[in-house]
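This report refers to the structure that appears directly beneath it.
Each chain gets a letter, A, B, C and D, in the order it is written, and its residues are counted from 1.
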Amino acid sequence: MKAAILTGGGDCPGLNAVIRAVVRRGEQLGFQVAGVRNGWRGLVENDLVPLDRNAVSGILRLGGTILGTSRGNPFDREGGIAALQETLRRNGIEAVVAVGSRDTLLVAQRLFEQGYQVVGCPKTIDNDLPGTDYTFGFDTAVTVAAEAIDRLHSTAEAHSRIMVCEVMGGRAGHIALQSGIAGGADVILIPERPVELEEVCNQIKARQARGKRFSIVVVAEGAQVEGAGETASPEVDAYGHPRLGGIGTYLARELEKRTSIETRVTVLGHIQRGGTPTARDRVLATRFGVFAADLVHQKRFGQMAVLRGDQIVSAPLSQVTAEPKQVDPALFETAAIFFG
Amino acid sequence: MKAAILTGGGDCPGLNAVIRAVVRRGEQLGFQVAGVRNGWRGLVENDLVPLDRNAVSGILRLGGTILGTSRGNPFDREGGIAALQETLRRNGIEAVVAVGSRDTLLVAQRLFEQGYQVVGCPKTIDNDLPGTDYTFGFDTAVTVAAEAIDRLHSTAEAHSRIMVCEVMGGRAGHIALQSGIAGGADVILIPERPVELEEVCNQIKARQARGKRFSIVVVAEGAQVEGAGETASPEVDAYGHPRLGGIGTYLARELEKRTSIETRVTVLGHIQRGGTPTARDRVLATRFGVFAADLVHQKRFGQMAVLRGDQIVSAPLSQVTAEPKQVDPALFETAAIFFG
Amino acid sequence: MKAAILTGGGDCPGLNAVIRAVVRRGEQLGFQVAGVRNGWRGLVENDLVPLDRNAVSGILRLGGTILGTSRGNPFDREGGIAALQETLRRNGIEAVVAVGSRDTLLVAQRLFEQGYQVVGCPKTIDNDLPGTDYTFGFDTAVTVAAEAIDRLHSTAEAHSRIMVCEVMGGRAGHIALQSGIAGGADVILIPERPVELEEVCNQIKARQARGKRFSIVVVAEGAQVEGAGETASPEVDAYGHPRLGGIGTYLARELEKRTSIETRVTVLGHIQRGGTPTARDRVLATRFGVFAADLVHQKRFGQMAVLRGDQIVSAPLSQVTAEPKQVDPALFETAAIFFG
Amino acid sequence: MKAAILTGGGDCPGLNAVIRAVVRRGEQLGFQVAGVRNGWRGLVENDLVPLDRNAVSGILRLGGTILGTSRGNPFDREGGIAALQETLRRNGIEAVVAVGSRDTLLVAQRLFEQGYQVVGCPKTIDNDLPGTDYTFGFDTAVTVAAEAIDRLHSTAEAHSRIMVCEVMGGRAGHIALQSGIAGGADVILIPERPVELEEVCNQIKARQARGKRFSIVVVAEGAQVEGAGETASPEVDAYGHPRLGGIGTYLARELEKRTSIETRVTVLGHIQRGGTPTARDRVLATRFGVFAADLVHQKRFGQMAVLRGDQIVSAPLSQVTAEPKQVDPALFETAAIFFG
């Protein structure tokens, strides 16, 4: 048995931990693992690297992915699937472990439907993939964002200021919500809860009226804020992430204009998806990787590793076609207790 | 309605987040919260402080507990319960929120059995309380330990060394196991898995034979290592924690003697239970606190907040009398894939 | 003898450490210290708080300033100086310790010239104050920025990307230069070194030609980039800091357009000036505070504490009127070795 | 021109940054750099690896040393110097860059005296090398220790406790002193200031008498504490570091016995010398490396890079024979203001 592993889509802390786990568990189960460079593209272009225990030594704590990533879809490429098949044949690869978010796993599912032996490992810092309680990378993103909010807090307190912190989350507000709770945000704006700009201004003014000189506003990049002008539709990339600047900056301008309180903005951007994963993300990614290798060994193709409660279990790849997982309304209500 | 909140037992990151959450949620639900100083002792000695929104402002991210803690048991004290009752009566306190680990919650349960209106909030960095999947403080402890193991890794690689890192966990090995997986430990020793010292030496020698110049050994303070001389029974405190030095130091001496490889030891001690909580622990502590306030409001006494999967639900306080929760054997097997 | 201490201007990690040091050293030398709220304004408005050992307990590690800050100038206010004098008289304050950056210290110097007993303590995260080798807050800002660049590195490597990171530094590029060296930046843009946008594009393309798929661009908010359209003059605040978004965002847009390489931007903003100070900044701030108390005790008014080499010495307040301290050209050359 | 670089002695954050800087600057100046494995031993055993821009890519932020280290002395080895000479000849190496602490640099100096073309780069986390204001690695060690003290503070406050934190520093107390100031230590014990155990107890009791329930004691591993029994002479290694446990543990036992206050101990050990270097250490190590390459290029052999004030300058290698650099008494006095 020989398997291949690829990482697709946006970067995510924990990818290297998954790769290491698949290789080490594969070794233990008696199969070899080849690394595919740059996602699906590497399978089309026959761009493989051999992986063994030494190749994955020391990568557990590294951000990024030693395999590189890309977002090409082999089905959109003339002769893509034929080339991919040829790569598998030529290298004697019987199974593919696809680590990625929605787009990557959709390709995996489609290949599985066509008879390829594929298993999946869900990945997204946004935590919006349906079918799994959590994905690795999310805890790191929340940690980075919460540390930023902590720092903004102390400086906001020293002055009389609104601090706007734009975090990732194009389709769901998980990062904004959890980092906002952890950082003690006064306002949290997420895609699932469209608000009027006027309402946000009122919340901030109400705080001021109670003697609070500052407000921390955490805004997901995909938040819907009515009346914030251009903000409704910042330019987005293929993942739904605003590309260059975005709602944070516009929101800051509007809040300052309407409340007359000095306002500053921080746009965290990709520091949320790079760097060393948290301990929790390394444990989760390692468990996902071990489980994915087990799925290969057990020939349970068309399945992916998911977290339910505290257990790793399998779910059909097809589940990723569902709508993005939204934040738990009860958790938003918990956050709202501390607004104002 | 007026409630009191106390924190008992060992320190734990997230206690202040719980206090803040109970006060803020109480305020929203229409009841006041008094703070009890130094655990149950404060109720016996009528040592209360008023708490309101201002008193808990800014404490979310602070380690320790603004209320102080202690481990006295009012039932063991002559006239203790009568004095406690008098404190409640005099201050018009109808309900008590007890935040603590086993000992604290056992008192809560006993008081409840005697007709007192008590709810609980489980707390331990060790994560060994039965009835809840996770407790706040645990993620912080794992994070601190994993960061230490990361640092030891880089220095172990530069030399040819055994690095022993002693972490907390007197009755269960949760911290050792998760920080060991996260840090890439080569050996993990926990109370649930007694081993022969000889076996550990063999593991390390086998690594060396494969060309690995260094080994990282993570040992829970309560690990059972046969043949390690005094190590079998270091002096322990009331929580079962070895008090001054302990198995780490002894183990390091024995490993060096028997393998002839230079060995160094790090004893993390209380840095695992102090300091600012991780984002995850702040979120969990906040949810626990909100839920505990809800239990008070709904007069669901004799219950405590617990985490099941990703939901906060209630469980009878009596559950804490069960045996300490041990590590999941499957998770230990996952760790063991990477040994050697 | 009774002294007052105030903190003026922008927030800066280490302010609380200075306050604590002045109070504790004053106590030791036998004089009392009153805290002035919100900078010079508090002296005009007689807004003082008593400070003693208990009041400053535990603040060493907190960001922000327990006294608040502002940027008003009493000389610009009708009757400002008379009111200030009345505050000093009424409270029996004989000496004032002014902790602040250029604007704050200019007021201190002017008051000193008019016969007031004032000493100074320089403060700026930008490290551009003349007369002192380093100011506290700078090391924290560099640390925060370097950690961000580290995170961007791992994610940039996984893709083929330009990552732009905008850091503080309106008049000088110290933060950009040191965090850029520490983070391994491929391009560093600072106010002291105006460049053509075309030149930056060429540097990045040259990297690509050598097989480097990504580039990290660190840009000080006050960097001069010719040909970057609006970027030449983003809206600035009273400290010369661009207010909402700024050169980072514009630069990212232009680089992407001209190189056709996907580009992302991170705007760190105020997370560089908030939060817990680094160990080094706490030591430096403590030394500054102790020295400032000594200046008061020795009646060496009109002087401020400065760092020269590894020694704290005094310098006339008038030195702050000099031009902002620019980066050491030799250090920029060191950074440039690693460009491309 | 071809040079070789080696790293000797104990591990130290920043070694990889030096290696990278020497290679990159060498490339710019037109000379090649070979890496010597495991310190001087690699030169005796002809164990070299070629280094170029790719080999040092991405190592700036890694702890440890990619070259490995050892503490052998070629002069103590039969035929050692002849073998070393043969290695240089065979590989065409004209100059050697020795990065290390006292022992490594003494070998370098002795080789220089015998006509070898050697330059040095001082290295020690302890900061006790004479001739340079600071060495890289020190800031990282202080940062790690200060973070640990921060964590101990919050947990000490929650209870009534003495917390002992043992940090590195066998011959001088720089780490203990600076991390103690940064962390707000109540007692700092260093080799330069022998104390009676009784005196320490009295300091702690005096604190208690003033209502302070806890005390943080930072102790350098080489501190002289009279009356602490075995503590006077813990087993030390070749660097003067106590090997397994040491004064911290003994001191904790004695303090508890004599003050009857519960006491806990943390022994930081090698986490102070491993892991990613701070931003400041990366900048300093990079500057040292660039300067060392310049020394080679300028054929200024027998010199080493040192920091004076904020400038990197050269000093004769012979300076390392001087006594270890002790802490500045004035800085200790600054720390002492906050004792008690």
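We take it that a contact is a pair of C-beta atoms (placed from the backbone, for glycine too) under 8 Å apart; a residue touches a chain by one contact, two chains touch by 3 or more.
All values reported here derive from a predicted model rather than from experimental measurement.
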Starting at subunit B, how many touching-chain steps does it take at least to reach subunit C? 2
How would you label the subunit C and subunit D contact, same or different, if same means the shared numbers make up over half of all numbers there? same
Most widely separated chain from subunit D, with each centre as the mean of CA atoms: A
Averaged-CA centre spacing for the pair subunit D and subunit B, given as whole angstrom: 34
What's the distance between the Cα centroids of subunit A and subunit D, rounded to whole Å? 40
Could you state the distance in Å from the CA-based centre of subunit C to that of subunit D? 30
By residue number and range, which residues of subunit A touch two or more other chains? 147, 150, 153, 157, 276
What graph shape do the protein chains here make by touch: line, ring, star, complete or other? ring
All pairs of touching chains, please: list them by chain label. A-B, A-C, B-D, C-D
Given the complex, residues on subunit D that touch subunit C span 21, 24-25, 28, 58, 60-61, 133-134, 139, 142-143, 145-147, 150, 153, 157, 178-179, 181-184, 276, 278-280, 282-283, 286-287, 290, 308-310, 328, 331, 334, 337-338
Residues of subunit B that touch subunit D when the two form their complex: 7, 10-11, 13, 15, 62-65, 68-70, 144, 147-148, 150-159, 163, 237, 243-245, 249, 252-253, 256, 262-276
